[in-house]
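The structure follows.
The letters A, B, C, D and E name the chains in turn, as written, and every chain counts its residues from 1.
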Amino acid sequence: MAATSSSATIAIPGQLLGPASKFQPGPGTHIHESNLYSSLLGLVHVNQPTKAPGPVKRLNKITPAPPPAELPTISVSRSAVSDKRETLPEVGNTVLCRVIRITPRQAVVAILICGETVLDAEWQGLIRVQDVRATEKDRVKIYESFRPGDIVRAEVVSFLSPTLPFTRRFYADAAY
Amino acid sequence: MKFPLGSSSLNWMYGRGRQSAAIRNLETHNPTSTSHPESDSDLLHTADSYSSIMAIPSLSFSRPTFAKLSPHPYLLTNLSPQSPSTKPSRTNGRAPHEARPVQIHTSSLSHAHGSALVRSGNTTVVCGVRAEILPVTNIPQYRPRSSLQPSTTASDEAADRAELKAYDLLVPNIELATGCAPQFLPGVPPSTLAQTLSTRVYSLLHSCGVVDPKSLRIWHDPSAEAKKTTGEGDASMQDDNDDDESEAEPPQLMAYWVLYIDLLFVSFDGNPFDAAWTAVMAALRDTKLPEARWDPDREMAICSRTRKNPLDVSRGGLPVACTAAVFQEKEYAEAGGLAGENRHWVLLDPDRLEESLCRETVTMVVDCGGVGGETRIRSIEKQGGTVIGRELMRGFAGVAEKRWREVRDAMQ
Amino acid sequence: MTDRRRVNGPVGSTNPPVFEDEPEQEFGAQKGIRTRTPTATRKMYLKTGVTPSASGSAYLEIEASRKGAVSGLKLSCTVHGPRSLPRSTPFSPHIILSTHVKYAPFATKQRRGYIRDPTERDLGSHLETALRGAIIADRWPKSGVDIIISIVEGDHDRETSKSQGGEAWDMMNALSGCITVASAALADAGIDCVDTVAGGVAALVRDEGDDTTPRIVIDPIPSEHEQILAACCVAYLPDRDEITNLWFKGDLPASDMELYSQLVEKGIQASRNSNEVIVNSLLISTREQQPHERHDGTTRMHIAFNLQR
Amino acid sequence: MASTQHALLSPAELAYLHASLSLTPPIRPDGRAANQFRPLAAETGILPGTNGSARICFADGTEAIVGVKAEVERTRRGDGGREDGVEYVSSRLEGDFVEGVSSGEGAIAAVDEADRVGESEWVELSVEIPGARDDDAGTVFLAAMLAEALLAGGEFAKKLWINRRFHWKLYLDILLISPPLSYPLPLLSLTTHLALLATRLPRLKSEGDEDPFFDDDWAAAPYLYARKDGKATARPPVSLLVMAVGNNIIFDPSKEELAVADVALAVSVGEETATTTAAEADEAQQQQQPLGRNLRLLSVRTIDPPSRLTPPGVPNATNSAYGAATTQKQPEARAAESEAVEGVWKAPRGGAKALVMAALVQKALMRGGVADEVLDALDAVDLVA
Amino acid sequence: MPLDTSAYGLALLRVDGRRWNELRRMHVQIRTQAAADGSSYLEMGHTKVMCVVTGPSEPGPRRGGLGGTASGGGASSAQSKDAEVAVSIVVAGFSSVDRKRPGRGDKRILELQSTISSALAASLHTHLFPHSTISISLHVLSQDGSLLAALINAATLACVDAGIPMTDYVVACTAGSTSTYAANDEAADPLLDLNHQEEQELPGLTVATLGQSDRVAVLVCESRVQVSRLEGMLAVGVDGCKQVREILDRVVRDKGHRMLLEGTVERGVGLDDMEVD
């Protein structure tokens, strides 16, 4: 079907959305042989260049170096299909999380809500002492800032390997 | 839809005495600060939006968000609405004493002798009854029965139950680890919940005497062999046993049917026991055992492909389990707290969310099918709290009766 | 040693009922001959979202071919995830797939135990291969997804005397069903896939009777044929025209590869059929999604699609 | 999956490997030709304690030992609703599980020789991989694959028939001695093949259905696979590992090569059993020289290529090292959905075309193809039992 | 059939025709496998074992472990200052006379593993390889008594082949006594290197010494025996160990010389040092 069709179109995985030359790949799509295909079951949306991706959509990829802005982005969103939209916490997202335990260095939190999306699975995150606030970082005491059970609203500043111990991160980066 | 968060219930955010923490947290926080993406090695950065939570007077969250963040106040606000006009309802839209409708499909499995699929709300369970033959020679501590006459007196009935239990003729097992809910993933030994459910079903089966052992016995009657009516089955055996007592050699008991009752949860949304028990009952009522005759020279029981006898479950009546959970206003009731100063609701047929929030549960197994339709309570189980006392229990019996009728109708 | 965590039943061993032979004509009556055309699959019922608490779920039922004799296939699949991996597992740039196939104790002729036997493990690894080709793994770094299939009723012949070889081939039918239902459940869970993969089985059979020349049928039922010479089960991506998993068993002369490729071709055809079922049921379930409706799973269980043609 | 052991290769290495393997002709890391097996050293009859045994070392050092042990076992009757022996026998024809592995249809056995039948339970096959539990998915998969090929056609199980009441129970213990540097399927399969060829069972002296007793003269013991002038007429199957990269088909890939495979298949090949009557037999003999062997395709399985689990490379466009704007803002942005960039490794998605798969099998089976070569090579191994 | 111990008294020969202090035929190979860092094959009579050594290597996901992430005891060794010696024994189903499948985590196997592991750890210079693992995998192809001894010897050889520094060979053999515990005669002679049958019937022990020294590294006695006999048995055992060491040492030197001739290793100081003992 033509990707320019109304946003009410239901797409199923593997459905042809349009040529990669005419559209930017948005969330829920993938490229195969220079064509855009849907990779999700959901509704097709075509965003004109002025795109404001709320975290509602699965912003799980950053489009490479400044995209040819005139291309519209085509994406498949599950928002209308199911209330269970699992999303990965994404760099820049605002999340609501509950503090699980605290150490002098950091607070370990369970991310409950990512943007507007209520998460089924609990992703774990760290708030490190130097990130509790921007100023006087050296004066921050974790135990003064948080207690286990607190609900904290926070912003994701890094994604890779939050659930991994710090040392492991080198391996994680090396994998790229 | 949005869910308004009144100032009255603002404390939801911090639960018990967390206010101070939040305030301190707020003080140490510089509202004008912005996130620093450069510090790339960190996951989270408490953004200034935190203060905005406090700043905005009418902060509002969508229902699911609220439910996820703090389920208890969420359920509480549902049950005690601000305006008296709206009557209290649960998060699932049911009234406190309203149970989920039950659907029962029977004999859908062709490899089982009896089967049932029971669905109440989002809890779905499949039960399959499979009968296998246990020769008495395989029973280590086998004691031949003295009386072959159909047992009528109470003592015999007791003996029958003892027989069922002694030889373990009923084998109920509940499998929860089917991914029926996120917390039940396979590849693990049976969870505590699964084990308790299995044992509860097991004991209830025996205590209610649901299954009549007579229909599980396989006889050998030489005289019947003589007058060769092919496939001498147990039931018919009983009959001609009755009419001509003057048999030369009495028939003897050669084997038992063993009923493997396996329950599989397809979908789990709270209150597993009621669903499981209903499934067991439905499956047993659906069970048909093939007519079996003992073949002396091959020393094994031979069954007929065509003739089947329904399992006799009449004696046990129709016990129906009815479970409720008690939801209390204070999430963390202090130890000495009386029920009075802590409002509570009795939620019938709780779902997953409610079960996670309630500590006290009560299960009453009733049978209104007796003569004159008077209610007989077959078992009561109650754990985890002190709220439900005598009068509440009496009231609950009424609820259970109502539940019994619903299930009875579903069974028809 | 007995597992104390379950109700084990009597110590003495119990035997499944042994049936006496019925008169011949009745026996014949129970034994079936394939009535469908060689290219017709049995009816399928597929419904997604039967387990609301799971991230995604689906239920597949394949109709019993003949009343009584052969039971249909009944599969329930739940997908949990994507969820964060346990802290112990090392970093993975991809989603980690774990498949789990289990027969219910009452699913087959012989009562199954609770511990997975090699058959089920083998099915699991076949399924994993089939699905891994379909999903876009790098969309979900360092997350995992569990795909659990309970075979509520296996595709088995109840005729003890006739279908001994059956299990061998029934396993293929079960696998293709697993692939189909899992694909639907994945789509329901919103895990990125390149396509909706579907399973299909084709077999080279020899029928009894005058015409004993081998022929190729799709979606075979062992007991309907005198003998199955070979069979193959494919997991196929229709839009990409690609195979993610191919499993062939049997005994074919290597001299004519033609026969083999025909078999695979038919298998693909079979999987196209089941793929239609997936697509239809996905579209329907998507259309009927209303928040309140979604919460009662008790709305009618199956949607029927007639694939006779 | 057994095949998906993480080959610790960087995306750059993967890309290079993939490129060199896609050339025509492909350039393999160990310099082999596309359809060349690793050279191997084999010996049989290494374990006097067994009925048959074999040991194979591949040039890359991987090594396996297979031991076959046979025990007399009473044939179970009358389980699962069978009445008399005959009914039991006929119903058992189609075989069923070995360790839950389906055996293929043995009904062929019925038609030519109605009284002799085999059951698949008579063969028990176990695989031992160092560092892997025996219920590990990969190990089960391997065992399943080997048993599947062995029992296909039911001919094999028939060999174990003693009389109506007794049969041989055959235990195959397959040990991988070395750490599995490569996917061990070919090695294990070839070793099993040799071990079975070398297997002998004591000569039966009793007749009919009486309790069997045997000739204790080992020299007189006949081979499980009958020999004609020192050459086995029928042979056990072999399973070959084939993979495709680009347009190339590569046999017996090493672990590294497997890590960039587009698709990998395990193809099990059997050899047509020599026909019964003497006339046809020597006719077949004559035919064999010109025509080569007449092979049978027994089973094909898709091996999950580990390439799917390899980490993707980062194109320069988005690599912060090359000053791409976006990545400085989001240091750990995951790989963007983009066209495949030349020379940048990207884990393959989707499956393989049916034609490609067919080509793989074709290449393995064709006259003078790899299967032929392998069987010839195995013929060369002189058998000591 | 029961072992007729009285027969010994007459001919002073054991059932398999050996004298009391005679070892069974030992056939020893080193570097049997190209892939492994170290490998060996060892026969003591009909007891045949193979050994493959990998490492010292980085712990964590065990090399060759199927199914990807199988971290084999890596955590423990990761912190330790010394290398961890991980021993795994696989007993082939066909190894014993009647074929049996040893269950997973067989207690006896576990005990053997820990014994060997500790014995070698004492001799190997594990302190040179902190945070690393030396994994020794042993395969039992055929059993006819003195299993533990055979395993220890094979493991030692493989470690030598792997080039892991060690103080000296750890060599082992078994010793027994000519008459059973019940037949309580003081005249019982000690026996060297028991086979399966003797192990079943007679009291016996396994002793491992550190090379030519009399220092006992391992001593395992699992049968009842009078204390009075113990010393004699021990003495014989230690003496046997010396003999075993000679055999092993010869094999190692031969291999070394052959490799030298083949030029697989270039002549270096190391080899010459081996000449001076």
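In the analysis below, a residue touches a chain if its C-beta (ideal position, glycine included) is under 8 Å from a C-beta of that chain, and two chains touch if they have at least 3 such contacts.
None of these values were measured; they are calculated from a predicted model.
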item: Chain nearest the global centroid, as defined over all protein CA atoms shown; value: C
item: Higher-contact pair (C-beta pairs counted), C-D versus A-C; value: C-D
item: Where chain C and chain E are represented by their mean Cα positions, the distance between them in whole Å; value: 51
item: Distance between the centres, which are taken as Cα means, of chain E and chain D, whole angstrom; value: 34
item: Gap in Å, rounded to a whole number, between the CA centres of chain E and chain B; value: 58
item: Interchain centroid distance [CA atoms averaged], chain A/chain D, Å; value: 45
item: Multi-chain contact sites of chain B, meaning residues that touch two or more partners; value: 37, 40, 182, 300
item: Shared interface positions of chain C, touching two or more other chains; value: 15-20, 55, 83, 90, 93, 109, 136, 141, 194-195, 237, 240
item: Numbers and ranges of chain D residues touching at least 2 other chains; value: 1, 78, 137-138, 309, 311, 330-332, 334-335, 349-350
item: Parts of chain C lying in touch with chain A, wherever the complex brings them together; value: 49, 55-56, 81-85, 87, 90-91, 93, 136, 139-143, 187-190, 192-196, 237-240, 279, 282-283, 286-287, 289, 291, 294
item: Touch list for chain A against partner chain C, complex; value: 10, 12-16, 28, 30, 32, 37, 39-42, 60, 78, 80-86, 88, 120-124, 160-161, 163-165, 168, 171-172, 175-176
item: In the complex, chain A residues that touch chain B; value: 83, 89, 91-92, 94-98, 109, 112-113, 116, 118-121, 125-128, 130-135, 140, 144-147, 149-159, 162, 169
item: Footprint of chain B on chain C - complex, ascending; value: 5-20, 22, 26, 50-55, 57, 59, 64, 68, 71, 74, 76, 78, 80, 83, 100, 102, 104-109, 111, 114, 116, 146, 148, 150, 152-154, 156, 158, 295-298
item: Residues on chain E engaged by chain D in the complex (per definition of touch); value: 32-36, 46, 48, 50, 52, 54, 61-70, 72, 88, 90, 92-95, 97-99, 101, 104, 137, 139, 141-142
